[in-house]
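The structures come next, written out as structure tokens.
Here come two complexes built around chain A, the first alongside chain B, the second alongside chain C.
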Partner chain A sequence: MSFLDYFISALFLQAGYNSALVAVGAGLLGMSAGSAGAFIFLRKRALVSDAISHATLPGVGLAFMIMVAFGSDGRWLPGLIIGSAVSSAIGLLMVEWITRKTRLTEDAAIGAVLSVFFGFGIVLLTIIQTMSSGRQAGLENFLLGSTAGMLISEATTIAVAGALAALFVFLLRRPMTLVAFDPEYAATTGVNVRNIDLAMMGLALIVTVIGLKIVGLILIVALLIIPPVTARFWTNQVGSMIGIAAGVGGLSGYVGAVLSAAEASLPTGPIIVLVAFGFFLISALFSPLRGGLASALRHQRFQRRVHRRQGLLSLSRREPIYDGLTLRILRRSGFIRRDGVATARGRVAAAKAARDEARWAVARRMLPEDSAVEHYDGLTPIERMMTPDQIAEIDRMILDQQGGMA
Partner chain B sequence: MIDDLITAMGAEFVQLSLTPIVIGILAAIACALPGNFLLLRRQALIGDAISHVVLPGIVAAFLITGTISAVPMMLGAGAAAIVAVGMIEIIKRLGRVEPGAAMGLVFTTLFAAGVLFLEITDTSSVHIDVQHALLGNLESLIWFDAQGWGSLLDPVALSTLPPQLPRLAIVLVGIGLFILLFWKELKISTFDVSFAEAIGIRTKILSFALVVATAIAAVAAFDAVGSIIVIAMFVCPPASARLMTNQLGRQVGWSVVFATISAILGYVFAGYGPGWFGSPYAVSAAGMIASISGVILILTCLFGPQRKRTGQQAEA
Partner chain C sequence: MSNAKLIAESGKILDVAAKDAPLTVRGLTVSYGNKPAVFSVDASIPAGSMTAIIGPNGAGKSTFLKGALGVVPRLSGEVRIFGKLFSETRDRVAYVPQRASVDWDFPARVIDVVLMGLYGSVGLFRLWRSRHREQAMECLERVGMADFADRQIGQLSGGQQQRVFLARALAQNAEFYLLDEPFAGVDAATERAIVTVLKDLKSEGRTVVCVHHDLSTVAEYFDRVLLINVRRIAEGPVETTFTAENLQETYGGRLATTHIDELHLA
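What follows is the complex of A and B.
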């Protein structure tokens, strides 16, 4: 079976019970990571989860050692998950403690906890490598994730925990939204900000420890960050942002797991991350709200409007035009001939622009409080902002002025 | 007899442990120096991001040149660091995303790409893998031709020093010179950007130069000691030093002291520590050095004379 055939069959869960379970588990993990990450992103604490995920390593090592000491082979996944949860909780509390009790900022605390816990974890791993008992091979897979040789019981654990985390997000969504946007207001309404912050990070912790096996501890933070950043390109509303982030995370986990199942030698974590980055890239380029393409088009359209308007005003004042872009735009609209002389249509449009400019000038001087004047941008025709009555009033003022001068 | 013992132990020490310790110290100081300024500018995690993107840079350099020599790899890693910083800026502006999220997005993606390239291309013939990238190989940087302390004066033996040692020494001198020459500018722009601009300091160029210095330190140290030490040394010694003093000069001095202590104690505990517990094996020196720097940070958090924020002194 070719890679593509296998990929397609796995995508529709036709490639065996085990890989289907892994794919569904990774999808659920991605959904809970995306939705939990959305709150952390809105709270601007994305990198705290990086400290949490690196802090799992000593826990994995210690849990392995303890289980071996009690005579098991040390690879029971729930045991390793509990160990990693304990040590990353300690790491999280250390970040909090350092930022609260000392003058160090949160980023320094994150960097310190991340590197020290990880370094200590590596020390433990090198001790484990020299142990004669226990099956230590495969502990390195927690660094980058692997679904190869995954047991069905492990996949079920991940799927159930992922679903629980998603439920937890759903239950806590209101206080978490409040705290993410306005912690002071949240505090005045009686929400315990510190507890909600801890709950938010607790969610990141849950996602991290259940993601260890699939994505690995170095890259799991990507599943908490990339989906919300991607979602932010498509919406300005919290509810839909969380939904989109969950969707992007779920799809990334699912597609990534399927891809890596189709090519067993590839580590799962990096593939899932790159799939998520693919979604981000598409959004960053093509989202109509904030995407690069949309804002480039908006910029170009705005530039053209400015050049057209200024060109017409110059025509009406019979000033020479030198700017290449202005000339091109006027020529293409049929306002001037190739030699730069205004056409009949051009003279009409120029006169209209001049009249509009004069009306705006009066409106801005005489009616500074008017809501239309507050939105003056020098480009929009006054007919679109004011009623015919108002414009007639403005025209009367212009006539009065001219009468006064004459 | 005691003299005999000392010379005997000395020879083995010079051959097996002297160069790793010196390399560890050089790497730790080279990272801690720019780390001081990153810490005060609240950019401590730039070091984290850069040390993650070194791996894809090295892999890319290997894919392009097909060799595993030092110069193209350092260039590749430096280029990757600059690309990463550029990407972070673009994403920050375009998406109006907070810096932390932009950073996390960029460095995880680049790291993932590096790992994937490493797996799909045939790099098994050469000595780069993820483990090595994370841990370095400090223990293996031994000085084969050393006969004892006398070899330090022997040009033939000196020419067989591990190449990482002179390379790191040059990088350290370069970074030291950069900080020394631009001390005033760095200091002013770190504490008050607007004032620095008002008196004509090109703050943007200076921050970029600082990032480049950080990248150079990360790349040079990474090759010898792996990325764990790099991240730990960017953050921990300067953070501990920050809790010791209110003066930038003294802070830099303290950070050098802490970095040196971490490197020496970390290496000694990793190499000899397990023997004290009756184990014949050594543990990871890189991990141990990072752990020691963490212990120092905890101690300064508890007892550092300037650990509190101003105005927080009264609170217990």
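What follows is the complex of A and C.
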């Protein structure tokens, strides 16, 4: 069976019970990571989750050693998860403590905690490899993730914990939104900002430790952050942003796990992250709301409107036009001939532009605080911003002025 | 809560004004590092009043509000809100932070921000019902922003942002409103809209406190002042307390005498 055949059959859960379970587990993990990560992104604390994930490593090593010392296999996943959760919780509290009690900023605290914990973890892994029972431990798979030889019980654990984390996000969505948007106000309404922050990071911690096996600790931060960043391109609302982030995370986990299962030599974590990055790239370029292409188009349209208006005003004042783009736009709209002389249509449009401009000038003086004047972008036809009676009033004032001058 | 009931309740508050004043502060000290931003300030805000907190930049006006509400930790001092600890009276208080204190690129619409003011009464877990939306829309109506309910907050002008913050506080239907620089950097129409809402609140028997920076409008908008420059300089009715002497003491050399004369002081 070729890679592609296998991939397609695995994608539709036809490649055996085990790989189907892994794919579903990775999908649920991605969903919980995306939704929990949404709040961490909005609170602008993505790097704290990086410290959390690197701080898991010593816990994994110590848990393994303790389990071996008590005569067990040492690779029992729930035991390793508990160990990693304890050590990353210590790392998280240390970042919090350093930021609160010293004059160091959070980024410095993150840098210190991340590197010290990770270094300690690597030392422990090296020691484990020299232990007699450590040769086949495979703990280095926790760095980049692996689904090879994953047990059904492990996949079930990950799936259940992922679903619980997603439920937790749903329950805490309001206080977390409030704290992410306006922590001072949240405090006055009785929300305990510090506890909510800890809960937010606690969620990142849960996602990290259950994601250790599949994604690995080095890249789990990507699964927390890329989905919400991707979702932000598509929506302006927290609720739908969480939903889209969960969807992107879930799809990335699912597709990535299937891909890496189809080719055993591919590490799972990096593949999942690359799939997520694919979603990010497509969104960054093509989202109609905030994507690069759409905003470039919007800007170009705006530029053309500016040139068109400027050109028409020049025509009405019988000034020469030198700007190439302005000339092209006027010519294409049929406002001027090839030799630059205004057509009949051009003269009408120019007169209208000049009248609009004069009306706006009066409107600005007459209604300095009117919302229509506030939203004037210099180009919108006045008929779309003001009621006919307002325009009539403006025209009357223009006539009065001209009468006064005559 | 209906307005009638609220006014009845605030009437009751007035009867025992001294004891259950909306805000009583004794010796409030807040420091960032080892330098006090607010030092041993006493204040007492009577019910139904409109008070401006005035002082030069960096004098601790905003910190005083935040310290009183526990947004920043207190080094020392006693604060009572309606005669009780703030933790027992939160639902009677609404705070409007400086609009520059939040990131307006946050993914939310105007109505979503106003709904945040209802978290306290709806609870943090129950779902929104149509009556909550109607309540939020009424608050937007009062600040003249009903047409903007579905706008993304990042598209608002400064004045509009300030109105949305005020609408969120109105949604809390509190008896005591504390606003941090509500007129900073807003257009004239917004300033008038906000003053109208605040005066309405006062006429309903509610209490308003604003950190304020524009000395020329103090007498027009407020009936009491609290002058602060790290320490409390003076507190009392505008007519007797907003004097050239007190201002000179508050601002030191930073306020030209000619400027003070221009304010047509009492």
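What we mean here is this: the second predicted complex is superposed on the first by the 402 of 406 C-alpha atoms of A that agree within 3 Å, B and C clash if a C-alpha of one lies under 4 Å from a C-alpha of the other, contacts with A are read in each partner's own complex, and residues count from 1 in each chain.
As a working rule, a residue touches a chain if its C-beta (ideal position, glycine included) is under 8 Å from a C-beta of that chain, and two chains touch if they have at least 3 such contacts.
Everything quoted here is computed from the prediction, not taken from an experiment.
Colleague: What is the contact status of A:V238 with respect to chain B (first) and chain C (second): first, second, both, or neither?
Modeller: A:V238 sits against chain C, while chain B stays out of touch.
Colleague: Considering only the touch criterion stated at the top, classify A:P175 as touching first (chain B), second (chain C), both, or neither.
Modeller: second
Colleague: Of the partners chain B and chain C, which touch A:L313 in the superposed model: first, second, both, neither?
Modeller: neither
Colleague: Determine, under the contact definition given at the top, whether A:Y185 touches first (chain B), second (chain C), both, or neither.
Modeller: In the superposition, A:Y185 touches chain C alone.
Colleague: Where does A:R290 make contact in the superposed view: on chain B (first), on chain C (second), on both, or on neither?
Modeller: first
Colleague: A:L47 contacts which: chain B (first), chain C (second), both, neither?
Modeller: first
Colleague: State whether chain B or chain C is in contact with more residues of chain A in the superposed arrangement.
Modeller: Looking at chain A, the partner in contact with more of its residues is B.
Colleague: Using the superposition described at the top, list the residues of chain A that contact chain B and also contact chain C.
Modeller: Common to the two interfaces on chain A: residues 44, 103, 232.
Colleague: If you look only at chain A, which of its residues touch chain B in the complex?
Modeller: Residues 41, 44-47, 50, 97-98, 101-105, 107-112, 114-123, 125-127, 130, 140, 143-144, 218-219, 221-222, 225-226, 228-229, 232-233, 265-267, 269-271, 273-274, 277, 280, 284, 290, 292, 295 of chain A touch chain B in their complex.
Colleague: Give every residue of chain A touching chain C within the complex, in rising order.
Modeller: For chain A paired with chain C, touching residues are 42, 44, 103, 171-172, 174-175, 177-178, 180-182, 184-185, 187-190, 232, 235-238, 241, 368-369, 374.
Colleague: What residues of chain B sit close enough to touch chain A in their complex?
Modeller: 39, 42-45, 47-48, 91, 94-98, 100-105, 108-109, 111-113, 115-116, 119-120, 130-131, 134-135, 228-229, 231-232, 234-236, 238-239, 242-243, 270, 274, 279, 281-284, 286-291, 293-294, 297, 301, 304, 306-310, 312
Colleague: Going by the contact rule at the top, pick out the chain C residues touching chain A in the complex.
Modeller: It comes out as residues 33, 66, 69-71, 87, 90, 93-95, 97, 101-103, 106-109, 112-113, 116, 119-120, 124-125, 152, 154, 157, 168, 172, 187-189.
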